[in-house]
Each structure stands twice: as structure tokens, then as C-alpha cells.
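Naming follows writing order (A, B and C), and every chain is counted from residue 1.
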Amino acid sequence: MTGPDPILRSVEATLFAAEQPMSVEQLSAHLGGAEVRPALAALEAHYRERGIRLVERGRRWQFQTAPDLAHLLRREREQLRRLSRAATEVLAIIAYHEPVSRAEIEAIRGVQTAGGTLDVLMEAGWVRVAGRREVPGRPVIYATTPEFLSHFGLASRRELPGLDELRAAGLLDSVDEAYRTLAEDPADGADPVITASDSAPLEKPAQSA
Amino acid sequence: MTGPDPILRSVEATLFAAEQPMSVEQLSAHLGGAEVRPALAALEAHYRERGIRLVERGRRWQFQTAPDLAHLLRREREQLRRLSRAATEVLAIIAYHEPVSRAEIEAIRGVQTAGGTLDVLMEAGWVRVAGRREVPGRPVIYATTPEFLSHFGLASRRELPGLDELRAAGLLDSVDEAYRTLAEDPADGADPVITASDSAPLEKPAQSA
Amino acid sequence: MSEELPFDPPLPPRAAPEEQLHLDLEGWEGPLDLLLDLARRQKVDLRQISILALVDQYLAYIGQAEALKLELAADYLVMAAWLAYLKSALLLPKAEQEDPSPEELALRLQLRLARLGAMREAAARLLARDRVGRDVFVRGRPEGLRLDRRSVWQCDWYALVSAYGQVKARTAPVVHMVRTRPVMTLDSALDRVSAMLGVRIDWTELREFLPPHAEPRLRRSALASSFVAALELARRGQAELRQDAAFGPLHLRCVAA
């Protein structure tokens, strides 16, 4: 093949390297007064079916990506991430108590809640701002979204297990209690020492005789 | 004409829009795992005679203008910052000897290398710290980067000008190594006898023609 | 040696005229660089270059720059001294040569010059390549590829519900439950001790009042509550207590009405 026409190559390279779209006049001046219109027309036709196009916008020429490939310029990569323990707790509190303010969440959790935690839940699409509570300070209150229900396979919030069910499932066992179970059972022979903290409400005593 | 292959168009558009050269792996990942090598080969051939080229530099691909059109594009552009002679020399020594320590650079140049010289090369993105040599003192060693290859239009280090000749002439060996070779195998040296009137034989000089 | 230098100054002086002599050396990257430049100026194949001639040239050049700035010239002067030594050694009869021989030193010097020369050539050829931004140009205004990372958060029903359970368990008011254990209450101990004491007028040890076959934990509880019961009976005037020694056995008997 004989290489393309020199003016065509020059126009091609110039527009490629240009930081701004260029008019016919600018191009021509840049290329020493050459007649650039035939080259532009030939280039425009050459690139019509390719991944890039030569287009005229407001009397200025530029290369750009073919419109049907625009999606290639902006790719989304999905990254699966597990919700943190803190965020899961906050989500659960909102689900059980909604609508609920941040102060109320903190009162229930017993610890401060980082602002980022609520942001994550809102980014996940599970929590939304549900207005403000009409009390002094008018705090923002939060509630769950329909996406929350669908993600967790719930028809409604009423399907969340109640406290009794949680207790029955052992989910309300506190750490203390679990510890005592461990600590007491093996100590079968040891005499229980009655201490002030230990003795409070006596259960029905086992009487001998 | 039927339009080019979709993968070819996608590779073309992606490399056109990319701000950095891209490796085959990066391209393939960007295009959902597509096999991009045939498209790269076809594009490289397609653009060979045009005003822009598709080139491989340090295992990464990029579009750039054809070298013969430099005169058109050079004007109105700010000149590259001129490298000092010292920096140029240090860069060449690193490129031809890499990985190389500062002491080794200084042994070749016969002068101390100002710290700023290496900084300039690293700031330009052409040189990087490539670890430490496992010898006493564990000196830092330097090597070139893919940006270095890309800037100087090298597909790989093997394309460094004159590399093979320099290596064959032993000019990339240290003076100690070279001397040992000459001393052990004097028959090999062209003119091994050093006389007072006319001194030692220089090795084949590294002159560009 | 003529008053003229045998070669042109390799680089035009860059400094003010009064400093010209001082700064002549700034054109070189050290003595090795100057030597290489001088060697090139012999305009012969480097293979045939004369080290002796090179030494003479170097010494002549340094001699020209009389008013050298010492801090700048120290390296050059050290090289000059070494070259002068090398020259005299090369001219001496071989028998008087030391180790390493001057021939070895000269050869090593030439090897160094060759290596520096090679790198200088390589640098020049490198810089002459088509360089991006000077000879070839990348796209002036690339659209850029954006990769947006979107987090898809994962959490399941169990994690949600158990997290709530943990919160409630953690923050519920602490209620300590004493698990059922064998105890003897004070009331029952009072009844028991009082009933057993009713007929005894002899001192009887407290232990006698405890259930005879109780398991250890119940026995301990019974001991405690029986002791309190004994104190209570003594307070009511229904019993007397006696202990012969500290930590000794405790005895009680009924008070005759």
C-alpha cells in the first residue's frame, strides 16, 4: 500500500495531539496554509466505522470515541463487601425501632455511632432519612427502605423475629451468662461462696427434709 | 465496507481514550476478558502508515503520532525540560547496567553523583528503586521503569541502542572483570603488551558510527 | 609545550570573565571526564591512544588553569599527581616496577575511559531517539478511562437478627440469676434447730443439728443458716451458746424455762 496522503497524515496527527478541537482555519494555518478540507472529509469517512470518530462540533474538528463505545470509558467494577459488625448492629436497630434518631441508636447500642456507618447503610440502599423528629434539636430520623426488605427476604418488618423468639433461639444470651454457665458447671464440688453481688434474689430454695 | 471487528473497535477506542499506555492484561481486563492480541496486531498494522501509530513500549501499548511528523507538532509546545549531562549519563548507566547501585554508577563515572541527579530521574518517572543488593551495607539499587521505555520509544530494554555490541565488547562488565579477562587470556587481547612508549590497548571503543 | 593549548577549550566558559580561569573545569564531570575528552581529541583510534601523551595533555591543561579554585580542583589535582606518578613509573626500567605494575594501572585507566566513553555514547544515542513530547506525541486530550468501584454490601438475615440480639443482650439491665442450688433457708434452719434443741439440756455441738446425710453444698448452707438460727434463738433467750476457743466448735443448749 502506498501510505496515505501527506496532508491527511498531518491533519490526523495534528488533531490527535491537539488539546483543543481545531477549526479548518487553525488547521490550515498550522500546516502552512495547506487545503485541509479534502483530508478532513477523507478522515471523517475513514473513521466512520471504527472505534474512534472524527467529528465536527461547532465548526471545530476533533477525534472522539465512537458513541456506541462510550460505555468503555466508564466502567463500573462491583466490589462485594461485608457489612461491618457495627453497621449491622445499627441496621438492626433501625429495622426494629424505626423511625429512630442517631441519639436513640446510640442509646440502644450503648456506644457512639460513627457517621460513616449510617452513610454506608444509605449507600447500600437499605436505610433512608425519614424526616425529623419534632423535638428540640429536630434530629434526623432514619428508617429502612423497600430494598432492605427485599434484600433480607422479608415481606414486612413484622417478619423480624420478636424478642421472645430471639431469646428462645439463644440470641439474647448475654456474654456474662454464657460465662457463668461455663464457670459453674465444672465446679460441681466446690462450695458456692455467697457474696454480696451473688446473693440478691434467692430462688425458691431447695429444702432438705 | 463492513465495520471492523467489535473487539478491534473496542481496543482502538480504549487505547485512544486512555491516559496511560496499557498492557495486554489491563486491556483485556477492561474489555471483560476479551482476547486482545489479534486486535492489537491488526491495529498496529493498520496504523503503520498513518499519521498516528500504535506502538508497544515496555509491554504496554499506546497511540502516538508518527515520528516523521514531529516538525509539525513541535511548535507551540513547550520544550522538554533539558536533562543535565550528569543526569543523562546516570540514566544511561542505569539503563544499560540495571539494576545498579550508586557506588557502581560512581565507579563508571569517576565522580560522586549528586543526590539531586537521581531525584530528578525518579521524579521524571524513569528510574525507580529496585531493592537492595545483598552485599555488606545492603546498598539501594536502581532500575528503569516502563515509563522510561515509553518515553524513549523502546519496546523493551533489548532495544537499547547498541546494547548487544556493548555487551559483546565487554563494555558492560566492570573494569575488574575486564582486566581479569585480559590478564588471564592475553592471547585474546589484540595488543596485550603494554610498553612505556605506547600504552595499553583500549578495547573496542563504543563509538556510534 | 607552546603557550597555546594544543586544543580548543572543550566548552565555552559559562561564568563571568574574572572567574573564567576558575571555572574552566566546570565543563567536565570530574577528572575522568576531562581525560576522556582529551583522549578523544587525539583524533586517533582510541585503541592506539598513547597514555603518555594523554598524561602530558592532562598535566598541561591543569597547569594552564593556575588559579584553580581548590575545592573545585581537588579531584583534578589528585588525578594529576597520580598521572604524574604513572608516567614516571611507565618510563622506569621494568625491573624496578612495583606491584601493581604501571602497565596494569594504565590498562585499568584505559578500561575505565572506555566504559565511560561507552556510556556517554549510549546516552547520546538514547537522547536522540524519538522521544515522547519532543518527536512523537500522545493524545492531547484523552477522555481517560474511569473505573468506578461500586461497593455491593453484603449482609444476611442471620447476621442482622443476631446483631440485634447481641445489642439487646449487651445493653439489657444486668440481672444476676443464682441458679437453683441446694440451700437451707434461715426459716427452715430456725424451725429445725429450735425443734431439735427443745429437749436437750446438755451442751450439743452445732454440727449435730445439721442434716446427717446432706451433700456438701447443702451441708455448708445448712451450717451457715443453722449458725444464724442459733444466734437468733440465743437472742430470744431460748438457747445459750458456748465456744471454748477461738474457731473452736460451737455448742448450744436450751435454756430451761
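Note that contacts are C-beta pairs under 8 Å (C-beta built on N, C-alpha and C of every residue); 3 or more make two chains touch, one makes a residue touch a chain.
Quantities reported herein were computed from a predicted structural model and do not represent experimental measurements.
Within the contact network of the assembly, the step distance from chain A to chain B comes to 1.
Here the chain at the heart of the shown protein, by mean C-alpha position, is C.
Relative to the C-alpha centre of chain A, the farthest chain centre belongs to B. A straight line joining the Cα centres of chain A and chain B is 43 Å long. Between chain A and chain C, the centres computed from C-alpha atoms are 34 Å apart. Shared contact sites, meaning residues of chain B that touch two or more other chains, fall at 14, 16-17, 30, 63, 65-66, 73. Among all residues of chain C, those that touch two or more other chains are 137-139, 143-145, 147. Partner chain A is touched in their complex by these residues of chain B: 1-4, 8-14, 16-17, 30-31, 49-52, 63, 65-66, 69, 72-73. Residues of chain C that touch chain B in their complex: 29-33, 45-52, 54, 75, 90-91, 103-104, 106-108, 110-127, 129-139, 142-145, 147. The residues of chain A lying in touch with chain C in their complex are 13, 16-20, 62-65, 72-83, 85, 87-89, 91-93, 95-96, 108-110, 120, 123-124, 126, 151-154, 160-161, 163, 166, 169, 171-177, 184, 189, 191-192, 194, 197-209.
Touching chain A in their complex are the following residues of chain C: 137-141, 143-157, 159-172, 174, 176-185, 188, 192, 211, 214, 216-218, 220, 222, 224.
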